[in-house]
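Structures given as structure tokens follow.
Across the two complexes that follow, chain A remains constant while its partner is chain B and subsequently chain C.
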Partner chain A sequence: MSKAKRLTRRTEFYIFIVLVALCIVIHIVSGGNLLVPDKIFTILRAMTVDGIFALCSLVVMISGGFDLSFPAIAAFSYSLSTTICLNAGLCQDNPVIGFIISMAIGTVLGMFNGWIISNFKLNTMLVTLGTQTMFIGLSMGIFGMKEITSKLPAGFKALGTAKITSYTTTIGSREVTSDLSVCIIFLIIFIILASFLLRKTMFGRALYAIGGSEVSAERAGYNVKRTKFILYTVVGTVCGFAGMLRVCLTSQSVPKALVGKEMTIIPAVILGGASIFGGEGTVFGTMCAIGIITIVSNSMIVLGIPTAWQNLFNGIIILVGITVSAVQAKRRNG
Partner chain B sequence: MSENLLEMRGICKTFGGVHALDHVDLDVKAGRVMCLCGENGCGKSTLVKTITGVYTRDEGDITFNGKKLGKITPAEASQMGVQVIYQDLSIFPNLTVRENLAINSEITSGKKIVNKKRWEATAKEALSKIGYNIDLDAIMGELNIASKQLVAICRALLFNAKLIILDEPTTALTRREVEALFRTVRQLRDSGIGIMFIGHKTEEVFEIADDVCIMRNGLNVFSGPAKDLNRDDFIYYLTGRRLEPDPFIPKNIGETVLKVDDLTLKDHSCKNVSFELRKGEILGVTGLLGSGRTELALALFGLEKIASGSIILKGQKVHINSPMKAQKLRIGYVPEDRRGEGLCLEQPIADNIALASLKRLSNKLSIIRQKDINKDAEIWKEKFSIKTDDVRKNVSTLSGGNAQKVVLSKWLATDLDILILNGPTVGVDVGAKQDIHALVHDLANEGLAVIIISDDLPEVVVNCNRVIVMKEGEIVGRFDDDEVQEEAIVKIIS
Partner chain C sequence: MKAKAFFKDNPYTAILLVFLAAVLLIFTFTKGGTFWQLGTWNGIVMQFPEFGVMVVGTMFCFLLGCIDMSFVMLGNFATIMGVTYILNNVQEGMSDGQIMGVFVVAFFIVIAIGAAGGIINGLLISKLGIPPVIATIAMQMVWLGLSTGITNGETLSLNPVPLYAEIGHSTVLGFIPFPLLIFIIIFIIAYLVVHFTTYGKKLYMCGTNMKAAKFSAINTDRMIIVTFVIGDIICCIGSMLMVSTLNSAKADSGESYVMKIILILVLAGILPDGGIGKMFNLIFSILIIQIITSGVNMFSELNTYHGSFIYGTLLVVVLILSTFLGKSRPKKLKKPKKSESAA
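What follows is the complex of A and B.
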């Protein structure tokens, strides 16, 4: 099979075309209001946290699992971390301590997921549905609905508003300045890390192998149990980080803010070419898909579509994503 | 090279008081093919697992390559040079051929980082072991089974395999693929590797084996060179009984129940097919794969679209457009892939038997009486001697032959006029095969009209009083009562 032919059989190829086409169409329909620096800055900013979450979902799905609990882990981690920092008067200058605390909490929760999944060999979707509900319950019990907005430690706000560059346009007589947030660098770092992990390390190949056939992976000599434990633990750590990043970017810590997030992230990952049966998926496809949903949700206002229609769009993504995934699996298994 | 590569003496293994292995002896010599045979549940796989270290033996000695083995783990067995090609091949369907070939040795050598060049070299080395040529970038899951098998064999050879154990490798292969596999096996044998071939198909065993070891009920009942064994003895050792071919003698052939007249299917997989079927007879339909034999059966069961021609049932023209309609007309169909199409594996045996006759087993309010279902199932269990201690156990606990008996019971419980059997004994042990045949004979003699679709010619010849041969969708030969002979069919079949 030639290289070109193989390329056209990959979901990533089509999702990339869709992304490019969508950008051009929206750019034209909105009267040249998409592919301009300030819009791009906004979209990149909106993509940052979702992108990191999507990478977490991707690695879990490649291993043949589902993690529904990542928003709950993130929310619990940042809520607790913010509360601790606030009460102890930490993070007035820089937010590092806050991130470390949040990641530590995320790690512990991830270990809990990993322990149950690897030891009892249970269905990952059901386990994480259970732990998700548990973690949400835990944060509701401890924090109630308490939202921390104005009192947020100064260090968090500083990171959220730090910029790489800014761009000024004049709309009418007003001058509007948009910033390219520093936080996008974190997304780029995670993209590089995830790509390296999945393509260049035996751990990453183990995830593909386990997703393809767990029995074969075991027989080949992989320690499936340990691999899964490490996977869910690391995902917990990264979710703790991403959650904290969200607090900085939005300048608020709302315990319930991420509830239901998994229902937009996971379909996007599937749309990006990850298989619901495991063993398939790439960082590139995932980022293209996250790009698509972010652009669409950000452009709805520009295009004059009420944001209430957002769910319709998400629903379509779920259906398209799982259909493509199932059709491909069918082709593979004869 | 006649000293034993693997020597097992007095191996015992019990599971919960049941002797799975009872003082089994087994030898494999380097450079020879040893066939390990036995019916399902005889202890073959348990024995293999004691060699590979998955199970620990209770008693007995294992010597491999001159060294006595104590307790071993699967990883140690692999390092010593014992490689198993499992039936599922242990491949990764989502990865490329290259990765499938290289991944095991990468893990074993404890590599942490992927090196593309090294993977490529490993993969090429693996293929060169048997001179196999395949696109390294191909996705494993998209290959056919024979190619997957060869890749799995190549992968095993990377570990300096001294003993290769092939677990029923021919089950899903076509005849031509089996020949190709055997060529590879002989090539490996001639290079000095000991081969342990697990199988139960008589013809294949005699074709490939240098030595044979037969097991029955955990005992090793025969060991020795294949040339000391004839076919009758082989089957005797396998089943514990002398099986005489028991040809079907129709006792009361009645009126014509089914008449197919100039039938052509929409996709032209059957063209201008005409035949008659009488009460009390067994009609054989044979032909190669793709000859239209299966499509013909599906048409009679309402699963194929008919373009022209007619089906006449007891003198009345009928349109069978769905399996429901066929059932109403008292036609039953037992598919080839019974595990996939004929049975709900994770449901109790009793419920499976009742599946087609729920109407009879429920009351006026359509409430099903579980007691009657179980009672019904007990009757069939007795009649067909289905080997289970409880009909409430799941079908997945049964062997292939017994599962097939459940499928038959399901249809017979509905009171049929016509029963269509597609490959009724595919993957069934020799002993159970005989049982099923005897049962079908009885049913026919009780007045059922039976159609057996099969490419197993001896099966067709022995069990059918009339045979039609199909080729490319058309009937190319008909044999009546006394003239059904294997040689004659072979001549026209291909």
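What follows is the complex of A and C.
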């Protein structure tokens, strides 16, 4: 099969085309208001945290799992971490300690997930539904986490407002400056890490193998139990990091903010070509899908869709996307 | 020994009875007299039917080996349409009989929307081959979007029509609360359908192995659609009960029910892998969850999130227990992953 032909059979290719087409269409409809630096900066900023979550969701899905608990892990990690930092007076100028605490909490929660899933060979969706509810209960019930907004340690706010470059436009008579946030670098780092992990390491190969067929992977000599344990632990760590990043970007720590986030991230990952049965999915496709979702939800007002109908619009995009990829998969598998 | 043999066949019943006893003991020791007051139990009996009915509806999908995540939002959309119809058509000075006429029409609107939702779910899963979880998550987003769009995210209050809530809070024969009666009727009908009809037998067959069922000349596509229609209609009836309790309809009411209902089903040994589980276990698991909810409410220092911590822990513990129980049952044949796409 020629290279071009192979390319056209991949979901990522179509997702990329849709992304490009969407950008052009919205750009034209909005009167040249999308592909301009300040709009792109906003979209990249909005993509940062969702993108990292999507990467977490992607690696789990490649291994044939289904993780509903990542927003709960992130929410618990960042609320506990910011509370600790606030009470101990940490992170006034350097947010690193906050990130370390958050990642440590995330790691512990991820280990808990990993221990149950790898040891008992259970339906990952049910387990993570249970742990998700547990973590939410833990953070807002047992630990009694509260919103932290104005009192947020200055270090976090500083990171959230730090910029690589800024761009100034004049709208009417006043000047509007928009910044390209530093946090986008973290997303790029995670994209590179995830691609490297999935393509070049034994661990990545093991994930694809387990997702393809767990029994075969076991016979082929992969340590399925250990791989799964490490996977969920790492996902927990990364979620802790992403959660903290969200605190910096929004400069508030709301324990309830991420509830239900999984319901938009997981469909987006599937839209990007990952298979819920495991063994399929690429970083590129996932990032394109997250790009589509973010651009659409950021352009609703420009497109003339009232706020109340945005949920429906998102739902329809997801529905159409998964329908197309399901039909494609059906045709491919005969 | 007869009892021993019974518990060997139904390991979940034994565990549920232990859980039930434990829950009752814990609340008796911590709250003593207040827990055993008539008011507490009146509350328990009044509250569980609304999600109890939804549990029965979702059970059909679970037995088929599908997870339905959309039922709460579908129910909300259906009841929003029903409530809108009621609010538009009930005028001042109408007699109770005329209002009841409006209610009947609204009831059929809700049922029709439930059936339509079921057909859409079924078609997406059977004809297009989308995995049930994903199809229903997407549909959930669509229904939520439709409801928020129509209501603008606001609560539709039924205060202008007090009769609806009055029916919901009335008692039949003087002592059976109306919601409980609905729950009992639906439960008995569902029990008969699942255990004593050919449809029920086919349901268990499809749930155990969809492919084998297909080769046994069962129209699996039709089974999926019919099951989702039945399940979603029953869930919409549950939503109507919820409207009467809250006296209002809202796009996102009952959000936490998805988790709660999956917990109840798993607790009763009805796993979403399909084809296993006995329906009578549901009574115990519904009771356990409702007693925990009511019990947690009795402590003023606890909030609903303590409740969700308990539910989450319980779900994880029960799942772990289920792996040990699984050993006594004949092992299911290992299926290659790809062929599960039909299930």
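Operating definition for what follows: the second predicted complex is superposed on the first by the 314 of 334 C-alpha atoms of A that agree within 3 Å, B and C clash if a C-alpha of one lies under 4 Å from a C-alpha of the other, contacts with A are read in each partner's own complex, and residues count from 1 in each chain.
Everything below uses one rule, namely that a contact is a pair of C-beta atoms (placed from the backbone, for glycine too) under 8 Å apart; a residue touches a chain by one contact, two chains touch by 3 or more.
Please read all numbers here as calculations on a predicted model, not as lab measurements.
K.L.:
Looking at A:Gly212, would you say it contacts chain B, chain C, both, or neither? Reply first, second, both or neither.
P.N.:
In the superposition, A:Gly212 touches chain B and chain C alike.
K.L.:
Once chain A of both complexes is superposed, is A:Ile322 in touch with chain B (first), chain C (second), both, or neither?
P.N.:
Only chain C; A:Ile322 stays clear of chain B.
K.L.:
Taking the superposition on A as described, I'd like to know which of chain B and chain C A:Val96 touches: first, second, both or neither.
P.N.:
A:Val96: touches no partner chain.
K.L.:
Is A:Thr201 contacted by the first partner chain B, the second partner chain C, both or neither?
P.N.:
first
K.L.:
A:Glu280 in the overlay: touching chain B, chain C, both, or neither? Say first, second, both or neither.
P.N.:
Once the two structures are laid over each other on A, A:Glu280 reaches chain B alone.
K.L.:
Considering only the touch criterion stated at the top, classify A:Ala220 as touching first (chain B), second (chain C), both, or neither.
P.N.:
first
K.L.:
According to the stated criteria, A:Ala308 is in contact with first (chain B), second (chain C), both, or neither; which is it?
P.N.:
second
K.L.:
More residues of chain A are touched by which partner: chain B or chain C?
P.N.:
After superposing on chain A, more of chain A is contacted by C.
K.L.:
Across the two complexes, what residues of chain A are contacted by chain B and by chain C?
P.N.:
Common interface on chain A, chain B vs chain C: 212-213, 215, 278-279, 333.
K.L.:
Quick one: which bits of chain B touch chain A in the complex? Just the residue numbers, please.
P.N.:
74-75, 78, 86, 88-95, 99, 103-104, 106-108, 111-114, 135, 137-139, 141-142
K.L.:
Show which residues of chain A lie in contact with chain C when the two form their complex.
P.N.:
Interface residues on the chain A side: 64, 66, 116, 120-123, 125-127, 129-142, 212-215, 260, 263-264, 266-267, 270, 276-279, 306, 308-316, 318-319, 322-323, 326-327, 329-330, 333.
K.L.:
Which bits of chain A are touching chain B when the two form their complex?
P.N.:
So the residues of chain A in touch with chain B come to 1, 6, 199-206, 208-209, 211-213, 215-217, 219-222, 275, 278-280, 331-333.
K.L.:
Using the touch definition from the top, list the residues of chain C that touch chain A in their complex.
P.N.:
Answer in residue numbers: 67, 124, 128-131, 133-135, 137-146, 148-149, 151-153, 255, 259, 262-263, 266, 271-273, 302-316, 319-320, 322-323, 334, 336-338, 340-341.
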